[in-house]
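Some structures are shown below for you to check.
Below are two complexes that have chain A in common, paired first with chain B and then with chain C.
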Partner chain A sequence: MKSLLAALAMTTALTLPAIAMARPVTLTTTLTNYGGDGAYLALYVTDPTGAYAGSLWMAGGKSKYYKHMTDWYRATGGDPAQVDGITGASVGAGRTLDITLDLADALFDAGYTLHIDGAVENMRESPNEVAVPLTTAGAGIPVTGRRYVADFTYDM
Partner chain B sequence: MIRALHRWPGLVALALVTILALSGAALSVFPMAERLSAPQAQSGLAVADLATRIQTAYPGVEQIKRSPSGKITAYWFDGGTPGSAIIDPATGRGLASADPNQTERWLTNLHRSLFLDDTGRIAMAAGAAAMLILALSGSLLVARRAGGWRRWFAPLRGPLSGRLHVEIARVAVLGLALSSLTALWMTASTFDLLPIEASVATLPAEVSGGTGLALSAMDILVQTPVTELRELSFPYAGDASDVFSLSTDQGTGYIDQGTGALLGWADLTAWERVSETIYMLHTGQGAAPLGLVLGFMALGVPVMGVTGVLLWWTRRQGRPKLRHNMPASKAGTILLVGSEGGSTWSFAATLHAALTAAGHSVHAAPMSAFDPDRYAGAERIMVLAATYGDGDAPASARGFLDRLSRLENVPAPPLSVLGFGDRSFPDYCAFAGAVSELAKAKGWAPLMPYDTVDRQSPQDFARWGRALGQAMGIELALAHQPVLPDTQALTLISRRDYGAEVQAPTAILRFAAPKLPLWRRLTGHGFAGFQAGDLLGILPEGSAVPRFYSLASARRDGFVEIVVRKHTGGLCSGQLMALEPGDAVSAFCRSNPSFHAGRGRKPLILIGAGTGIGPLAGFIRANARLRPIHLFFGMRHPDSDFLYGEDLRAWQDEGRLAGIATAVSRGARPHYVQDALRGEGAQVAALIRGGARVMVCGGRDMASGVADALADILAPMGLTPMALKAEGRYVEDVY
Partner chain C sequence: MRKTLTLLVASTALSAGLGLPAWSAPRAPATEDSRPFAALFASDQDTTALFLVSGDDDDDRGSRNASRSDDDEDDDEEDDDCEDGGCNSAGNPAPAGSVAPPQNGLFGTGAPPKVQVN
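Presenting the complex of A and B:
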């Protein structure tokens, strides 16, 4: 299990509501067999106004490709510090990305939305591949992505 | 030093560099294929028009991209299903699938990372670095071999593998250096080692909130031609706060979907422009013809790999293994070896073994490793040195003279210098001589007087060994067994006999060219690629010392031909003259590039007497391009020893031989070949003035007579045979 409490403490927006109250959440992202190289995925959260609140995970280690996750890039200005310490390998076609992290309770049922931007070399850029509201009721219910994500689930 | 810098990266990274080159060459085809297959936008087409056409065909369009080849790709959603296609800009409709080419993807991953991700990227970057080092060190070697950068494309001589290696290298080196340099840049950029600043347009805080403005009403899209477009992304349907984003060759920015106003713009940074140019130079994307040229040059790498390994292997074979070689600091005798092809090393090994057997501690090293500070226990120092070209240091002795001349105090142990060379060359043992002179000038005490060994003579070497033994107070017998190339059995096909009536029995012996395995033919060494003027070494029965005969035929003639005269009591000539068709001898072939006719078009003046006609006849036989050749031939009597008489008449009819002058030495008025030369003096002078090359083959007396005659002929022109020799226009094969 990758505990990301420390990392999230740096991305202040996610921890502002109440750092003391957090729970482990598992994010499961399974990709389709889209027939290309490993996909870069940016997982991040926006607040009820739609403004960027913070990043949860970046699958893909080369910052020169981050601009292809266009929504995330627009929101952060491509600042690699946003994903410092929460970066992993890109995810191959048909593979599953599993991450577990401690998320603040206050993010749930409060109008926050979890987004995934995806991009694959020489293929379509897919901002907003997944956009799912964070609710306790929605936990465990798979959501289908637009192009690369076969299904995405968050479990508490 | 440079050679080591070339050899080791080459050998170590051979496989890696080969994979890089082959996959790179294969990849170089794709940008051109894309350029040819992608429908191009008509000139002047605006992004607004293109986007409108695409939006009409695909209302759910999200993104339009244009690659440097001009290929336009659109991505859309239709009822929740993602779609994409390569677009015909004339109609806005899809033409073909936009899915990536799986072959190209596979090759790309092989080329940049061996399918091993970051580990593979680093390995391939190391391969590119090796390629760069090879290109740089190879360039220095080519320049050195050719005699300067200005002679970069000078004609080459020597065995096929060496020539092929350099021929390809001097054309391909620029492309390979460019590709490896750009590869290193791209790897550095991938690993964030370069401070590349990306241009980021600031997302506007406020938008108009309007939607639905027609694309054709957006000024920036109307003004931007498709040829400058890189990417246009559409706002999310129904999200009034979203914007268009546009990237062009100039930069990137946002467009308000309600007003068409440009909301933010950032020009490409200088770093980005440099990076893009480097990416283009490496991949050929956006410069497809350059890509093809680079790919073609890369195809030379596997050939250079194979020939390079062959060169290294041949060189290595030439260096014997030394047993009990002592460290420099503990040895009483220091042996410094200056060897080009490796034969001097084999003499050094004989000396090393004999001294070691006599109880001495010996350290042998190349002259380039000369380091007197380390010779703490030395009692004597010996230099065994060959000469390269016109008096240059051989490969293993580079820098020796410089180091010696910079020494403030010469070493205390006395020095002995032994030169190895070939007396038939004007600069006989010039390098060893220079070493000896410099040592004398610097006051280095001699152990023995300077001496030389002619044509690897074991007798010369043994004589020097006895003198050395005396100087050292020991019994020293140097029995040098020259390392002979593998011999082959040559079977006699036919013989033509001459000269019995004039007491000079001579025969033209023709042997079948031996059949060779493929790898030997590829190396072009020995029997795989001989030509007239090369040497045939024959090992007579009962002797380990070969005798050399000049070849009168080339590989492509399909036979091996020599001219032999029987010498009274001669072991080898006696055995050869006794051969009947079907009999065989043991023989090997040795290249002799200094006595090749060469490929020029300038006239040739061939001068020979007796058996010296052999290689000259070979040159004439091979003269298919009808270069003007003039032959001066000396014999005893035309009815008895007019070697190749009938052939010469036939070759003259075919135009292979332009003119012939003969001299007959038996008779009332003895006439020698130098007399014939003087008789035609005016014509000879005219030919030489026109750039003719003179080649002389025969006995030493004849050669000196010819040199005198030529000196007289050349004198009125202010020329000398020596001056011609220096230009390589006067060569001798004398015995």
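Presenting the complex of A and C:
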């Protein structure tokens, strides 16, 4: 009986971390009033070495425009499969995009960086519009973009 | 007998406990490890389609202006046709909610994202 209890305790201890490996994270992106069409935005993550780790969201559904998000395109070759199931409409000037994702805990405080590339039709491309390290301490702190993004925040 | 049973239960529980995370872990980097050929194949197809469509649009605008004054409208019509589904699977990604997020190791579960634009 004692052995059984010990085994059960051990399996519980092993299973719990597996369940608690993710958390809901809200990414809030507010655009400036840049006076153009809807902006295409690519939100993606690089690992501690700076290599592309994966995409979190793509605002804009037509892949023929993805080449204008130059850093993301260079990393992915514009492969639409990278953003299957995480693609929505482009975002209008002055609007706020709220995305809630279930993100792996391993992304935080481990050297990962979230990037945003932006592009607007007939306007300048804006690679690396935002680059923010993913840390628990940085949650809720707004980061200003370079051209189209007024501010970006992630909350957990 | 009791000891054997205890050992069996313990080993099964241990396997389950270790197996769950181990089963989850390979799913995370699946795009890099177990699907290189599929990814490569898909990438090639999509890239080709992307460049052809985009290149034609750009080139046609300059070269056909003399014979067709409404090239831009034609381009838009082609885009709309693609959106209706004809070439959606070849070039454009699946919208959120229609399929699970990619298994790139960034997402904890297959839960669909929630999105709102204000």
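FYI, the second predicted complex is superposed on the first by the 136 of 156 C-alpha atoms of A that agree within 3 Å, B and C clash if a C-alpha of one lies under 4 Å from a C-alpha of the other, contacts with A are read in each partner's own complex, and residues count from 1 in each chain.
In this section, a contact is a pair of C-beta atoms (placed from the backbone, for glycine too) under 8 Å apart; a residue touches a chain by one contact, two chains touch by 3 or more.
Keep in mind that this is a model prediction, so the values were computed, not measured.
By the touch criterion defined above, A:35 reaches chain B but does not reach chain C. Legend: residue contacts after superposition of the two complexes on their common chain; A:97 is shown touching chain C, with no touch to chain B. Shared-chain residue A:51: touches no atom of chain B or chain C.
When the two structures are aligned on the shared chain, A:105 is found in touch with chain C, with no touch to chain B. Contacts of A:82 after superposition: chain C is touched, whereas chain B is not reached. Looking at the shared chain after the overlay, A:125 reaches chain B, while chain C stays out of its contact range.
Within the superposed three-chain model, A:67 lies in touch with chain B and with chain C [touch as defined at top]. Here chain B and chain C are compared by how many residues of chain A each touches, and C touches more. In the superposed model, A:147 makes contact with chain B only, not with chain C.
Annotation: chain A residues 61-64, 67, 77-78, 89 touch chain B in one complex and chain C in the other.
Chain B makes touch with chain A in their complex at residues 63, 75, 77, 80, 82, 84, 99-100, 102, 105, 109, 117-118, 189-192, 196, 198, 200, 202-203, 233, 236, 241, 245.
Interface of chain A with chain B (complex): residues 35-37, 50, 61-64, 67, 70, 74-75, 77-78, 89, 121-126, 128, 146-147. By the touch rule above, chain A contacts chain C in their complex via residues 1, 3-4, 6-8, 10-15, 17-18, 21-23, 45, 53-58, 61-64, 66-67, 77-89, 91-92, 95-107.
On chain C, the positions that touch chain A within their shared complex are 3, 6-7, 9-10, 13-14, 16-18, 20-21, 24, 28, 31, 39, 42-43, 46-47, 50, 53-54, 57, 79, 83, 91-102, 104-109, 111-118.
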